[in-house]
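In the two assemblies presented below, chain A is common to both, partnered first by chain B and then by chain C.
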Partner chain A sequence: MAGGISIANIEKAFGATRVLSGVSLDVREGEFLSLVGPSGCGKSTLLRIIAGLERQDAGNIAIAGKPMDHLLPRERNVAMVFQNYALYPHMTAGENIATPLVMSRLSLFERLPLLGHLSPRRNAIAAGVAKDVRRVAQQLHIEALLDRRPGQLSGGQRQRVALARAMVREPAAFLMDEPLSNLDAKLRVHMRDELSELHRRLGATFVYVTHDQVEAMTMSNRVALMDGGEVLQLGTPTELYARPRSLKVAEFIGSPTINTLPVTCDAGGGVHLAGMRLPIDMPLGLRVTKLALRPEAIKLSAGRSAPGQIRLSGRLRRIEHHGAERIGHLTLEIPEASSIQFRLQAEEVGGLEEGQAVDVRFHPKDVHLFDAAGMRVEAEPHRQAHREYA
Partner chain B sequence: MPTALPSARRELFSGLLFSAPAFILLSLIHIVPLLTLIALSFTDYELGALDVRWLGLDNFARAFSDPVFQRALRNTLLYVAIVIPGSVLLGLLIALLVHARKRTRSIYEVIYFLPVTSTLVAMATVWQFLLHPRLGPVNGFLKSLGFPEIAFLSEPSLVIPTLAVIGLWQMVGFNMILFLAGLSTIPRDLYDAAEVDGAGGAVDRFLRITWPMLGPTTMFVTVTTCITAFKVFDTVAVLTHGRGGSEVLLYAIYLEGFHYFKMGYAAALTLVFLAFILVFSILQARRMDRKVHYA
Partner chain C sequence: MTTASESLTPAISSARPIQFRKVLSGLLSHSVLILGAAFILLPFIWMLLTSVRSPDEIFEGSLWPWPRNFYGAEHYAAALQQVPMLGFMLNGVIVCAGILIMQLLVAIPAAYALAKLRFPGRGLLFALVVAGLAIPIQVPALPLYMGLAFTGLLNTYFAMMFPFFLSVFAIFLLRQSFKTFPDEIIEAARLDGMSEMEIVWRVVVPSARPAIAAFSIFSIVAHWNDLYWPLIVINDTALAPPPLGMMFFADAEVGTNYGALMAGATIVTAPLVLTFLALRRRFIQGITMTGIK
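Take a look at the complex of A and B:
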C-alpha cells in the first residue's frame, strides 16, 4: 500500500462520549473512499484523526506505510477540504492557495512581514510559488479569481479555491469533510461530477466524509458505512446496495428507503409474511424477523401473477412525481406493516388513481432477510429454486 | 370643505412627525449644548458675570500662548502616547494568554477586569500609598534592591509616565475583554486549515490568522482607548492636583472653568480638546481601515 492509508483499531472518546470504538479500515492507494453515516456516527472525527487534527485514544494510522501517530498534521503530507472551506478571509484566493507552499518553502524568518524580504532567495521562491498557484488555478478554471477575496466569491468558486489550496502541494491523500454540503442542489450535482473527474485525473487517494448516501454512492470506489462509532460495512457501492450486511445499512443506502416487512419463521425453516408462506427457505436453526425490499423490486401486478412471484394487495395512498418515474405509496392490508413505496414508470401510471386498490408483486430473489439482531441472513438458494409457489 | 393633502406632502408631514421626538431629544441633549459651548468660546463670560464681551478668536489665541495650556497639551499627548500602544498590546497579549486557558479562564477574566469596575478615584488612594516615597511598598522594594528612593508622583519627569501606568492598569482589563470577544469569533476551522497547511506554529498562527482576523477589534479598541486616554482627569485630580507641572487637558479646563470661573476661556479649551479627540480618532480609523479586513 504505497500511498494508501491504513487505519487500525482507532478508539476515541470525548469525555464520557465514545465516538469511535475500534475502527479498522484500509484505504487503497488512488482510491476514492467515502465515509458515510448519519450525523454523530464518528466519520468526521475519524477524518480529523487521519489528518492529525485530533489525537486517537488508541490505535494506529499509517499513510503510505509510514506510521503517522506522532506526526503533526503538516508532516503527514495530507490536504484537507473543510465543510465551510475554511478559506483565510483576509487573503486573496491566490494567497490562500499559496499558503501551503509558502509555509513549506520559506523559512520562518523569510515568512515574516517586511523582514522576510531581506532574504536573497525569497524572490526566487515567491516566483516559483506563484507559478505553481497559477498552474493549479488553471486546472480548476479559477485564474480570473486569484485576486479576489473569499467574501467576493460564490459558494462554488470558494469550493474550487479550497480544492486548489489542497491540490497545490500534491499531497499523498486528500481528506474531504462534507465539502459539498454548503452548495445548492444543482451545484452539488455538478461538483460531484467535477470531484470524480479530478480524482480520476490526479490518481490520488481521496477520503471523503459525507452524510449523503447519494454522494457516497455516485463518486466512490468503495464506501464505508459508519454508525455508532463503528464501520457497519465496507464495500463497493454495488455491494452495499445489493447485499447490505445489516438492516441499518439497507435502510441507510438507497432512496426512497428500502421497504421492511415483518416476517415469521416456522420450525421447518419456512418464512411467513402475514400468514402467507413465502417460497423462501431458511437453513435450519436460522430465524429471520424482517424482510426488506427495494422500491424497484416491487412491480404493479396487472392481472395474473407470474409463477414464483409473491403478490401483495393494498390501497394506493399517494403517487409522488419524480419526472420520468413516480413513487407509489401503498398502504398494505397487513396489520403490522403500514406502508411500502415502489417505483412506477410514467406510462404505468395511466388510469391509476390515489385511493384505488391495487396488487403488487415481487420476486423472492430480490428479497433481503434479516434476523432479530438486524444482520443479513442468506436464504438457501437451491431449495428456494425448486419449490413452486402455490 | 377640507381637501385631502397630496400624498407626497402627507408623507413628508408624517415623516417629520415621526422623526420629531428623536430630533428634539438629540437637539436638547447634544446639539444645543454644543452650540452654546461654541458661542461661549468667543466671549469672556464668567460665571455670575453681568455683562459679556464678544472676543472673537482671542480665547483661542490666548490658549496657544498660555504656558499652562501648552504644558497640559504636551502632558496629555505623552500620556496618550504611552497608554494607547501599552493598553492595546498588553490587552491583546493578556487576551491571548487567557483565551488559551480552559478551566481557569473565567477567574483570570474577573481578575483582569476588576480595575475596570473599581472607581479610579478610590483606587488612586491605594496607588498613592503604593507609590509613596517613604511608606510605599514599591519604593521599599526598590530600596531593598539598592536603588535610591523615587518620588513617582512629584518628580516632574516621572509624574506623567506614572499616571500613564495607572491608566494602563485600569484600561487593560477592558481591552482584554474586547479582544477575547474578538478571539472567540475566529472560526476554529481556520486554525485547523492552518494546521494542515503547515501554519500551525504559534508565530504563524498569530501572524497569518489571529492578528488579521482581529483587525476590526483592534481598530475599535484603539479608537476607544484613544478617547479614554485623552479624557484622563481623575488620577491627576486626586494624586497630583496638577502639581509638578502635571496638568492635563481636562484638568486645565476644570481649573479655568470651575476654579477661576472663566467659562468663556474654558469653553474655548474644551473645543480644542474635542477637536483633538476628533482628529485623532478619524486619523486612526482612516489609517487602519485600509488595512483591516471585515468579514
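Take a look at the complex of A and C:
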C-alpha cells in the first residue's frame, strides 16, 4: 500500500517560462518531506505533476516503484489537500468525505442517481462507505459536523474535512499544497502539531508544499528547498540550518534571517572583514566573498575579550521584543554592512538602551562562508586559534 | 432620523442639502421607472381588460379600469370551448421542454469544455460560439426547412424543436458562469476518481443552478412565444403551439370576438408570468452572476 515516490529529472515549462529544470528527488516511504521555497519556485507545479494534474515535459515519476507518467490522477492512488480545501460546496461534509470511496467502490451504473438503486449490492457498499467515513471523522473529531455543508464550517473545520476526504481511502501518499496558509496564525500553529501527529499515526508518505520555512522546519523529516525550478538543498531541518549548501539556503531558512557580511580573501588564504584579519584560513585557491552568521551566534561582549573570538563594534539601533528573547538590531561601523541582528536573552537587556554603542563577539566556528557564486566553502581551522584554545 | 443626524453633526451644514438631494434623485429615478413600467405594462393591462369587458365596452375604448358589466366568464368559456386552448398549451409544453432539455444536454458539457479544459483550438471554437450569437434563426431557416422537407419531418414536434437544440447563447452564458468555478475543486474531483462528465454533472452543475435557471427562463419564454418557426414547419392545428394556434383561430371562429381572443391570449401568457414571478430571485441572481463576474 505505502511506498516512496521517486522523481527523476522532471522538466516543465509554461510557454517560454521554465518552471522546473531537471528536478530529481527521492521521497522515502513513510517520510514527511516538505518542498519549501519562495513563490514561483516551482514547488506547487512539482506537486501537481506528482498528482498527475499537470503533465511534465520530461522526466519520470514513480510511486512505490510503479511508473506513473501516463496514469490519470485517479489511477495514482494519491490524495491531495488543497490550499482552499476544495470541498464540494453543495455536498455535506459527510458526502464530501465519502466521495472518493463512492467513486472507487461503486460502478458507474451504481452511481447513477435513481437507476443505481436497482443494484442489489449498492446498499451493502453504501453501508461500508458510511462506516469508513465515521471512522475517519472520529479520528479527526468531526463526527458532529458530517451533516453540515462547507459553507457552514469554519476554516479549521473545512481543513479537517479536506484531510478526512484525503485519509478515507488510505492512499499511498498524501500531497499537501499549502494547506495551512488560509488559517489564522494561532490555528496554524495548532494544525501544524496535528498534522505532525497525524503523520506519525498513519505512517504514510507526506509531501508538503509550503512557502513558510517555519512550517517546513517544524514538521518535516526532510526538507527540499527549491528556487528557480531547482532543488537547492535536500536534507533534514538540522542540516539545512546548520550547514546550508548555498547563501540562498542560508538566507531562506531561519528567522530572523541570517546576517551576511562582505569579506575579502588575500593570496595566502587569509580572510579579512573590514580590514581586520579574521582567525580563519581558506584552503589555497578558494576565495570567499560573503560571511554569514546566525543571530544566535552573536553575543554581547561585556568588556572582556574572549580568546579566539571576533569582535565587532556598532550602535544598537533597535531592540525588538519577542517574549522570552529580544532581537537586537545593530548598525555596524563597517561601511559596506548596514545592519546585523542578534538574539538577546531577556536578562541581558537590562542596562541596554537604543542608540547605545555596544560590542558583540562571535566564534569563528559559527561562521558560514560563501564564494562569489554563493556556494558554501569550508574553512580550515586557524592554527593560531587552536593554540589559544589549548 | 433627521433630528439625530442634526444633533450628531451640527458642524456639517451641508448634511441637509445632501439628504434632500438624495430623496429628490430617488423620487426622480422611481418616477422614470414607474413611467417605463406603465408603458410596458399597458398592452397587458389592455389585454386583461378586454378579456373581461362586454363587447360594447370594448369598442368604446374607455381607459376606465373596471368593466361596468363583467363579461369575463363568457369570454374565457368561449376561448376554452371554441379554441382547443389546452391542446395548444400542451403542445407548447412539449416543444419548450424538448428544446430546453436538449439545449442543456448539449450546452452544459460544451460550456464546461470551453471554460475549464485546455485543448488546442479552444479559442477558435469559443470565437465561433460568440459569432454564432449574431446569427438569427431567419438566416438558416431555408436550408433547415428544405432539410426537414426532404426527410419528411415537416409537421412534427421534432421539426419545431430541432433547429434550437444547439444554443450558442446557452453555451456562452454557461461558460461565463462555469469559468468562475474554482479549479481546485475540479482537480480534487479528478483525484477522487470522477470522470470529466461526472465532474460536470455532479460537481459543476449543482453550483451553477442560478445560471441554468436564468437560461431556462430565456429559453422557455423565447420558444413559448415563438410564432416564426412553427408557422413555417407546422400547418396541422393539432400540433400548433399557443401563438400559432391563436393565429389560426384569430382568422377563423373567434376572429371578430376580441374578448374571447384576449381571454385566450391571457391564458397563453399566464404560465410564463407565473413562472417568472416564482423564479424571479434566481433569474436575477443568474443574470448578475454571469454578467458581472
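Please note the rule applied: the second predicted complex is superposed on the first by the 379 of 390 C-alpha atoms of A that agree within 3 Å, B and C clash if a C-alpha of one lies under 4 Å from a C-alpha of the other, contacts with A are read in each partner's own complex, and residues count from 1 in each chain.
Operating definition for what follows: a residue touches a chain if its C-beta (ideal position, glycine included) is under 8 Å from a C-beta of that chain, and two chains touch if they have at least 3 such contacts.
Remember, it's a predicted structure, so these values are computed and weren't measured experimentally.
In the three-chain model built by superposing on chain A, chain B clashes with chain C. In the superposition on chain A, A:Leu53 makes contact with both chain B and chain C. Touch criterion met: A:Leu72 reaches chain B and chain C at once. A count of residues in chain A touched by chain B and by chain C gives the higher number to B. Judged by the touch definition given at the top, the superposed model places A:Phe14 against neither chain B nor chain C. Legend: residue contacts after superposition of the two complexes on their common chain; A:Ala86 is shown touching both chain B and chain C.
In the superposition on chain A, A:Phe109 makes contact with neither chain B nor chain C.
When the two complexes are overlaid on their common chain A, residue A:Gly151 makes contact with chain B while staying clear of chain C.
Applying the stated touch rule to the two superposed structures, the overlap between the chain B and chain C interfaces on chain A comprises residues 48, 51, 53, 72-74, 78-80, 82-84, 86-90, 99-100, 103-104, 111, 165.
Residues 187, 189-190, 192-201, 203-204, 207-209, 212-213, 215, 293, 295 of chain B touch chain A in their complex. Residues 48, 51, 53, 72-74, 78-80, 82-84, 86-90, 99-100, 103-104, 111, 165 of chain A are the ones touching chain C in the complex. By the touch criterion stated above, chain C contacts chain A in their complex at residues 182, 184-185, 187-194, 198, 203, 206-207.
Contact residues of chain A toward chain B in the complex are 48, 51-53, 72-74, 78-80, 82-84, 86-90, 99-100, 103-104, 108, 111-113, 149, 151, 165.
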